[in-house]
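Every chain is named by a letter (A, B, C and D) in the order it is written, and numbering of its residues begins at 1.
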Amino acid sequence: MIVAERLSWVLKLRRGHKLNMEVFFQQFSNGLAIGGIYALIALGYTMVYGVLRLINFAHGDLFTSGAFLGYTFLVSLALGQSAGTVGAILLVVLLVMGVAAFLGYVLERCAYRPLRRSNRLNAVVSAIGASIVIQNSIMLIYGPQVLVFPAGMKPNVIVEIFGLNFPLMRFFLFGASVMLMLGLYFFINRTRLGTAIRAVAIDQDASRLMGIDVSQIISLMFMIGAALGGAAGVMVGVYYGQITFTMGWIYGLKAFTAAIMGGIGNIPGAMLGGMLLGMVESMAAAYISAGWKDAITFLVLIVILICRPTGLLGERVAEKI
Amino acid sequence: MKKIAAMIMLALLAWAGPGGAQEIKIGLMCPLTGDWAQEGRDMQRFLEMQVEDLNAAGGIKGIPVRLIVADDGGNPRSANLAAQRLVESQVAAVVGTYGSAVTEASQGIYDEAKVVQIANGSTAIRLTEKHFTGFFRTCTRDDFQGRAVARAVTRLGFRKVALVHDNSSYAKGLAVEVEPLLQAAGVEIVYYDALTPGERDYSTIITKMKTLSPEAVVFTGYYPEAGMILRQMQEMGWKVPIIGGDATNNLTIVEIAGREAAAGYYFISPPGPQDLSGEEAKAFMAEYEAKYGQMPGSIFAVLAGDAFKALVKAITEAGSDYEAISSYLHNDLKNFDGFTGPIAFDAKGDRVGDLFRLYRIDGEGKFVLQP
Amino acid sequence: MIVLSLRNLVKTFGGLVAVASASFDVEDGSIVGLIGPNGAGKTTIFNLITGNLTPDAGEIFFTNHSIKGLAPHRIVANGIARTFQTIRLFENMTVLENVLAGRHCRMRAGMLSSLLRLPRQRREEKLALKHCLEELDFVGMVDQRQNLARNLAYGSQRLLEIARALATEPRLLILDEPAGGMNEQETGSLIDLIRAIQARGISILLIEHDMSLVMEVCKKLVVLEYGGVIAAGPPEVIKNDPKVIEAYLGQDLDDL
Amino acid sequence: MIKALPPALVAFLLLLPPLVCSNYWLDVLNAIGVSAILAFSLNLIVGQAGMFHMGHAAFCAVGAYTTAIMNTALGTPVLWTMPLAGMAAGFFALLVARPIIHLRGDYLLLVTIGIVEIVRIALTQDIFGLTGGANGIAGIDRPYIFGFRIYKPSHFYWLIWGMAGVTIVLFSYLERSRFGRALNYIREDNLAADGIGINSAAYKLGAFVLGAFWAGMVGTILVSKMTFVSPAFFTFWESVVLFVIVILGGAGNLKGVLLGAFLVTGLPEAFRDFEGMRMFCYGAAVILLMIFRPGGLLPSRPGDYNVAEFMKKLAGPAPNPRSGEDKRP
């Protein structure tokens, strides 16, 4: 008797909270979708940082380049249309990753390599210069206006799960992000080349003595980082549909925040940081205030760094005396 | 070396300019760089065509007109310099600019230098509450538009709305106007917040609004965000009407949202470039389209054109000094035939009359004027 | 009188015990050598004394006051100055500026008087310059005062670190491998310098692997192994202590 | 005597512009002056103390809004609010910098970016109902000096460059003082500085507070010149520009920073006619400068102290004139 009463009470509570939980899960998934993209871009930051200790401020603009290249291939040149929508997008993502990797290589060669032995602040400023150059190149080539991927470009299917609506594309987007991240993680941790990369990240001079071509590894990391940024650019372009030459800056800053939150230089950290950032943004907008959202995320970042000065998964390096 | 020599020659020529051939200079201050670069480019194209036409027809009483363009970067601090530059080139009057904060930074300079300014996109109320005798605008103020938005909401019969702006000076200003008007009309505002412009994913805000189940969403910001909201609302399977302000009067919105999602979108605006009614306006727009392959993206380039037309009229009738132009614009310009309809200015320098119309985007992606 | 006294000092890093209940004293005006195999915890003890690390347990008394847990700059102000095992000079600054760093804790000028260059601040600066030049003269580097620290020869860098430490007017000077990287001739003059410092009434605690130096200058040696003190006493006694000999893998200390 | 000549020449050159320049170029010079003073104050933090600080606009904003609110709400004369604006900014710096002062390099960089964004958002969101939201605050008075109304570009030229002059003198005093040197030691090696008796946390905080104080005072000048203030003045980009000025000009060298302000703020004005390509060239120039002048245009120089009088007493051999200098990496 008492048990039954309890049960009905619990059920009542459940029912009363049902709506709120639904909304919560919807917001949760919104946060994951945004976070997946942040994580993908944050990976580029983190990898370059891991080997070079350089904040690549131009990374957000490589992301923008990816979006515009994707526009050129998909919309202007209509590549891969015979392969169907998904096939065309996949083809173009691969293509853009290649071109973006090349851009990353050129960037590293011109703007960063000459500064490798120089003061860290110089490299930061050079990166800012590179960001300005790329952004304005895009404006000069494509013009200042908003470019739009046609709405029919992507399959517009809505999936209903437990009474919640999710656009199908979101799963693709999220899945693709996670696949790329996992691929990278295994590449770094399970391959010979990955071992070399980790060695360079720990000690460049020692790696050189062990016969590793450090310059080549750094170039490679830049290329991988740029390729991931470019891929994220195409995906964001196709998914959200509109691209502008200034879009890289806001994504770049968010991804940088994500990378630092997770502990810069740390690949799982970038994923964690990205997801967490997306989640904090989404929850802040949903339950506190959309206008204050970005201030709240920065506040969370500051609190995290006060508690853990090298980010969530960053290693604490004690200085040797 | 040659380039440097050429630059020095150019500089010398420019130096010698004022003493040389007689001409009337009119300044255009517009954002050619920064976030609003597209608006600025359209404004510049529009006025350049007008000047060409005017000079081909003999200028103002036989004196050719020269357009001097200064980039304000869409930023108050660089606007300060742009304004000084125009004043320095001894322009008779200035057309522009787009953003309210940007205009505000330049007003004092034009006032101190006694140069007439006609803004084309700055709708903040306080710009004309400062009693500068030489400041006018061809766009209408936020409170006019606020009333038009509130009218549309009540006329369409919505009793419960969400109000969203983007924290820009313009969108916030409009939202601040709309809010009390709606409340006074007995419309319940269930959600009132700002989104962050420039982002791509607004699903969080949409989810939040959806739970509050408003009958309509009023968005006072710009077209890129409006387009994203339309598109993502459809993706999330939530269909309620959205009502926007004149900053969403841009053909790109249909492209961004897609035809299906854009259908049913309402906005309040002066007539867009594509549905101007006057014969002259139609001819001019056709000429523009032929030259640049597309219409101006928004109405603000056309409003800049109206400002230019009014200035030419004033200079023709009253001469090119400050007192003459401002007094003519204040007192004597009545029912002047502009691209966007009759133009007249009140004592504060605001445009007289209500330009605002209610538009709805139909299934074909066309902007349809609502009766 | 005892200048410095360590009582049952303990420091662990994670599971690793770096210092296990170490106790020893430094008598006023004496030169004490801290020796032991690599990893015995010598530098950790230095870092505990200078406040770069905080002990997990135990006490540190300096002139009968506890200095445990004080921040490094407070400990310097109290009268303990140090040099570093890996030379840590302000590389892009001149020799004179490096010595001025040591003067910092004996000066008063704050932000405002520095900004306005008040008369009091000017007087103080002059005195500081004078003092620093004297210290440079003391180590024989006054000619090099305008050189950048990083352009100095290795031996000179070591000397500069000592001059910088002396500028703080310490009662106790802690030298971490002062002869490291020096040739025989340089080591010889270092020994003279250390004696000269002692002659000024400054006590010295040093870590050194060069046994000839240690044996020659130190009045007392403290031998560490696995973070604990295994022997302490005059060099002659230590030399023949069986535990010490074992710690050094049975080698004759004279060979080291 | 000869050493005093270039400053005299510079001072003379600074007297010229109001006589020969147009209002436009005067205002360009004013903009350069404002950037220069802000960059001087940032140099204290970035150049002297070596902290990665990219949020300086936040402090300027606090000062600017202090002036704006006090002037419009209480009617306090603009120039009277200047020290208060400085103090408000300094206090704000004390508050926010304290918990983050120990963060290393890039972490500090992002946190300072975060602070400037939080401040901008708070201003935009009309925090405490005082800041007027996105519109900002308008109708700020012009400054008066002994009843003389400052409103023309040439008036502001004197005000701004006067303040710049005072700043250069005071900050050059600071460079060669106990405080300034302490910051340099921290930049060179934080741990060694601690170990030699410098309370590095306090000095870092001091650099932040003094830099913020100065930036706050510049805020007063900025709003009195524009007669209104809005969050759009204090974007992250403004902070980045200041950062670039300091590094490009020569971190730690006041002359270099001044030159940097002329180049970074002034050159884009000079190349107005190249609209589209302007920013592109600007970015490329930044990269090239960093590659070929790694220490900035005028790298910071080691301190030169006059010690002649003491040398006689020491009776040592003749001093070795500066050898091995200027070979910075």
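As a working rule, a contact is a pair of C-beta atoms (placed from the backbone, for glycine too) under 8 Å apart; a residue touches a chain by one contact, two chains touch by 3 or more.
Predicted model, so just to flag it, every value in this text is computed and none were measured.
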Per-chain Cα centre nearest the global Cα centre, belonging to chain: D
Selected pair, greater C-beta contact count between A-B and A-D: A-D
Most widely separated chain from subunit B, with each centre as the mean of CA atoms: C
Where subunit B and subunit C are represented by their mean Cα positions, the distance between them in whole Å: 72
Centre-of-Cα separation between subunit D and subunit A, whole angstrom: 34
Inter-centroid spacing, subunit B versus subunit A (mean Cα positions, whole Å): 36
Inter-chain centre distance, subunit A versus subunit C - centres from mean C-alpha coordinates, in Å: 49
Residue numbers of subunit C (touch at least two other chains): 52, 84
Subunit D: positions in contact with at least two other chains: 124-125, 191, 195, 279
Residues of subunit B engaged with two or more neighbouring chains: 167, 194
Subunit D residues touching subunit A - in the complex, by the definition given at the top: 46, 52, 99-100, 102-107, 109-111, 113-115, 117-118, 121-122, 124-125, 191, 195, 236, 240, 243-244, 247-248, 251, 276-277, 279-280, 282-287, 290-291, 294-295, 329
Sites on subunit D touched by subunit B in the complex: 22-24, 26-28, 31, 124-125, 133-136, 138-139, 151-153, 225-228, 230, 232-233, 269, 272, 275, 278-279
Of all residues in subunit C, those that touch subunit D in their complex: 50, 52, 71-73, 76-77, 81-82, 84, 88-94, 96-97, 100-102, 104-105, 107, 109-111, 114-117, 121, 124-125, 128-130, 133-134, 137, 142-148, 151, 164-165, 168
Subunit B-facing residues of subunit A, complex: 19, 23, 26-27, 30-31, 33-34, 37, 139, 143-146, 148, 150-152, 156, 158, 165, 167, 169, 236, 240-242, 244, 246-247, 250, 281-282, 285-286, 289-291, 293-294
In the complex, subunit A residues that touch subunit D: 49, 55, 110-111, 114-115, 117-126, 128-133, 135-137, 139-140, 253, 256-257, 260, 264, 289, 291-292, 294-295, 298-299, 301-302, 305-306, 309-311, 319, 321
